[in-house]
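Note that the chains take the letters A, B, C and D in the order they are written out, and that residue 1 is the start of every chain.
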Amino acid sequence: MLGAPVWSSVRQGLSRGLSRNMGGWASGEGRKVDITGIYPPVTTPFTATAEVDYGKLEENLHKLSTFPFRGFVVQGSNGEFPFLTSSERLEVVSRVRQAMSKDKLLLAGSGCESTQATVEMTLSMAQVGADAAMVVTPCYYRGRMNSAALIHHYTKVADLSPIPVVLYSVPANTGLDLPVDAVVTLSQHPNIVGIKDSGGDVTRIGLIVHKTRRQDFQVLAGSAGFLLPSYAMGAVGGICALANVLGAQVCQLERLCRTGQWEDAQKLQHRLIEPNTAVTRRFGIPGLKKTMDWFGYYGGPCRAPLQELSPAEEEALRTDFTSNGWL
Amino acid sequence: MLGAPVWSSVRQGLSRGLSRNMGGWASGEGRKVDITGIYPPVTTPFTATAEVDYGKLEENLHKLSTFPFRGFVVQGSNGEFPFLTSSERLEVVSRVRQAMSKDKLLLAGSGCESTQATVEMTLSMAQVGADAAMVVTPCYYRGRMNSAALIHHYTKVADLSPIPVVLYSVPANTGLDLPVDAVVTLSQHPNIVGIKDSGGDVTRIGLIVHKTRRQDFQVLAGSAGFLLPSYAMGAVGGICALANVLGAQVCQLERLCRTGQWEDAQKLQHRLIEPNTAVTRRFGIPGLKKTMDWFGYYGGPCRAPLQELSPAEEEALRTDFTSNGWL
Amino acid sequence: MLGAPVWSSVRQGLSRGLSRNMGGWASGEGRKVDITGIYPPVTTPFTATAEVDYGKLEENLHKLSTFPFRGFVVQGSNGEFPFLTSSERLEVVSRVRQAMSKDKLLLAGSGCESTQATVEMTLSMAQVGADAAMVVTPCYYRGRMNSAALIHHYTKVADLSPIPVVLYSVPANTGLDLPVDAVVTLSQHPNIVGIKDSGGDVTRIGLIVHKTRRQDFQVLAGSAGFLLPSYAMGAVGGICALANVLGAQVCQLERLCRTGQWEDAQKLQHRLIEPNTAVTRRFGIPGLKKTMDWFGYYGGPCRAPLQELSPAEEEALRTDFTSNGWL
Amino acid sequence: MLGAPVWSSVRQGLSRGLSRNMGGWASGEGRKVDITGIYPPVTTPFTATAEVDYGKLEENLHKLSTFPFRGFVVQGSNGEFPFLTSSERLEVVSRVRQAMSKDKLLLAGSGCESTQATVEMTLSMAQVGADAAMVVTPCYYRGRMNSAALIHHYTKVADLSPIPVVLYSVPANTGLDLPVDAVVTLSQHPNIVGIKDSGGDVTRIGLIVHKTRRQDFQVLAGSAGFLLPSYAMGAVGGICALANVLGAQVCQLERLCRTGQWEDAQKLQHRLIEPNTAVTRRFGIPGLKKTMDWFGYYGGPCRAPLQELSPAEEEALRTDFTSNGWL
């Protein structure tokens, strides 16, 4: 429960959120905000005593700002959002908003387990500067999270959110795939603009693109490991952990895909698969942060219970980058 | 972050927590608190506008107090704890403490995703009257929640907790089984007294009992569906959702198991399997709360995104009780 | 297709199969054959050149015959039946029949993927001396093996089989649990006498016992790892790989369960869990055969593609026996 | 055991198999046979009494021969091979060989559970006219089918096979993914020419292409549902159940991919996803055969235990085709 000020500012945040980013989409006439492009889901830096290190966060953003990203995602799974307090979550959004260029999009992960908490977090994040809310599927009661429950949840959030909503399906973390029929229904909501799909099933991505083709609905690949085939299937961008360390390469892959240079794209995509797996499924955020340290960013420690890599894991992580020519 | 007053009261809570329940275990001499017996994991009642209804909570506790339970669990999975704010979580513990008999145990679910938040919640719950903390496995980053990470997490919590800690493994919700080797290591911690295992694999339960036989380590079955075979394998109690509606029967089953009346126990156990599955895996908390309404308790609505049962589901739920002679 | 002689002998086999084993069950009056008790699922010994070694098979049977088993199972999963030709499968049944005592039961695994092949194999096995057919669920098309398909399959087999049929559900190998509703329907077939359930979910075992209580339907635990809790839930026996090496102990556990000595049973059960897991889930048939070599039986090699244990695996296997006092 | 004649003809079959198809690959100089292109995995037609209907098989082949397929696959999963006897398996290969054009490739599924049986079946299939053997992973003992076991299995088969070997990974049926490291090792075998990968994970497909780029190793998509993204990742063809009913469309999709017309390819791919899922994962072979009846082929019944579709399933199947404009 974040208190009265949040609610009183809804109207204000609403107008702000809808008026900023016009890209290729004219929002006033019922078209949805354009979210195409590449986003790194930024990590949350911590000090040695596990405090959020906002200075390091800003330094990382500065370095990342040299790449042609469409914007930044905060508090995706890589942001360790389940380990942050509500006020830390908002402070991170606020700091990133201030540190980043005005013409880039800030997508903020506002998902909580309850619908009510998600609505409140979304409102608050809009208030502190998020351009869109990325809302992960609630998952603790996954046995009851059928299409009806999820449609209800997202509809409520999108109805009340002053900023556009991006669905977020990440089965590796939630044990739950947002069902295609629910996505199709939700794509018709005027305030739901797209989905980040991290499951890696590009047939599913193609089907979502196909079945939402009459809506302004945008699909973003949730990982650099299947960015090319996702583009081939109709995705329009990606939110890629790997972009935190190989930002230029992921942006180049996007450009090759967008401009139809599929052969070069394939070669580049191939070399990104193992590094991508290493900083996601295989070694998780500890692996991503360790790699950031190697590539000139601040990675630093994770909050517990996430542990540092073992020496053997670190060695394997390094090999996944060296064997593909990135280190 | 729950603030300074919590920390300042740690020592006070510590002495209180360790001094109250002596049962058959003498705490001062290194023996652990006795948690044997049956506990209903109480639900959190909500009003029609989704506020916690503390009055109904107390009414339910009153009715449940007629059964020979060892105590009550609050904020197990059935308590919808992921939908409660921190202050609601504490208030529920406080109210239940006041409403229940002093000679019964109050086990409070204090698990959060981060170690730090879990420690703080545990301290606060101790302060408001919990006798022991039941700590669910963190799960969002389950790909990295190996034995090392989980041992680190629980050790930290147990080191700092003023009250005994009960491990809690519930793979249906978390997608994660606390590994047996981690349980065995943790069983040696002086402030970890047992585990609630809801996975339903009684071979695993037997193995845990066997490998912790030299510690005062107590295994509680996490569901009434396998209470008898868990006793047969060496468990000493159960935390059973079904006890919220068939409290007498679950206590009777416990008594039959404890006194070696296995034939009668078997007959009773058989008749509890389908009702138990109905209020847990099959229909979840909405099913449990609907059944509570039938049995004279206050069930009421769940918080969103959990939805009410459909009429067809409600009919199937009813059949699972009538066909076994309970309605 | 096994040819005409098989079919011409159906009637003969039928009468023989029904008339031999009367145990506590009077078959003529509609009661089903009594299959209660313990069975080792015997392995198929191979020579160094991967031929079936019938001499070693007989030697093993001889040694096993000193234990109070109810009978023997051939061509359960431990018999490497998918690696045997049709004629080898029949020859194994025939040799075992001749080598074993007449008053013991011979259960032969006759399952094939198609209904037709299963029927033919069942007929042939009856002809060469099987007392009952143990029929594994077909599984290659598991996506279509719903209750209707499985009920059709087993009904056809049981209709045409001259010997009683035992259902066999082993999800670790087949990726498929025979649904409880299918088991309940099939329990009403006069020629289906029971089920071997290897899944390890004793709640399910209890439910099957409960829902078939009006039929003469017998549930056998599929593994020694959950033999005690299965008995506690109403099972009447077990088909246990571990009985190939710890025959006396498994029979003793059965006796303790049957006579209600649950405390002693529990202690013994506990010490069997790790050795049981080692020769089943953990190290498979190569582990079982290696252990047989240690315990004075002939284990020998498996047929390819099953490989020998690595030295590290063999060491871990040994530890699972020594740490529980069996080696 | 298929008998002596098979073995005596090995040399003969060997020379024949290696000399026929030269495509773009010069076999004598160490290059592998070219298997690029599209293949329908043909179904096995049965009469009303469940006999193989070789006449209908030939009729279907005749109709399919009008499309620019690279060849035909027999006894893939859609061929109901686990339901055929050894002699039926060989007769089907023989009949198809005779019915089809000499310049098309015949890939025959020769996989069995044991290595020995697979070798023998491969030899026999080569003898009756198969150009290459498609070998599914053994799977009944999947718990022990690690990379070492699978490398051993395929190496043995490839060493002894007179015709090239295509690996076949189909986790929906086998519960087993052939590990990437095993594929990479096996790609170096001179008689292993490629893999049919039906798992649908195109990141994996890309990684296999990448890590085998120094071998002549060809990856075929195992389903039309991800044909386009597989091409985008470097696959060179597909073995697609859907090609049995939408042969022209699948070939057109292949042509669009091969010639870089990705936009048109995407539109066509989108419209094939639901029909493809319907005839594979959703309704299995009964769905495929029912659709064949609609499209002018002979589908007919499956062998038991596979059952006909229910009326509701048939209706849903039809919708998956009509809603995409194919019926």
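The definition used in the following text is that contacts are C-beta pairs under 8 Å (C-beta built on N, C-alpha and C of every residue); 3 or more make two chains touch, one makes a residue touch a chain.
Source: prediction; values computed, not measured.
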Greatest Cα-centroid separation from chain B: which chain?
D
Which listed pair, B-C, C-D or A-B, duplicates the contacts of A-D in over half of its pairs
B-C
Taking each chain's centre as the mean of its CA atoms, how far is chain A from chain B in angstrom?
35
Distance between chain A and chain C based on Cα centroids, please, to the nearest Å.
52
Where does chain B touch two or more other chains at once, residue-wise?
none
Take each protein chain as a node, join two nodes whenever their chains touch, and name the resulting shape: line, ring, star, complete or other.
ring
Seen from chain D, its contact residues with chain A in the complex are 200-203, 206-207, 209-210, 213, 225-226, 228-230, 232-234, 260, 262, 265-266, 269-271, 273-274, 277
Interfacial residue positions of chain B with respect to chain A in the complex
1, 50, 77, 82-83, 85, 87, 113-117, 138, 140-145, 148-150, 152-153, 156, 172-175, 281, 283-286, 303-307
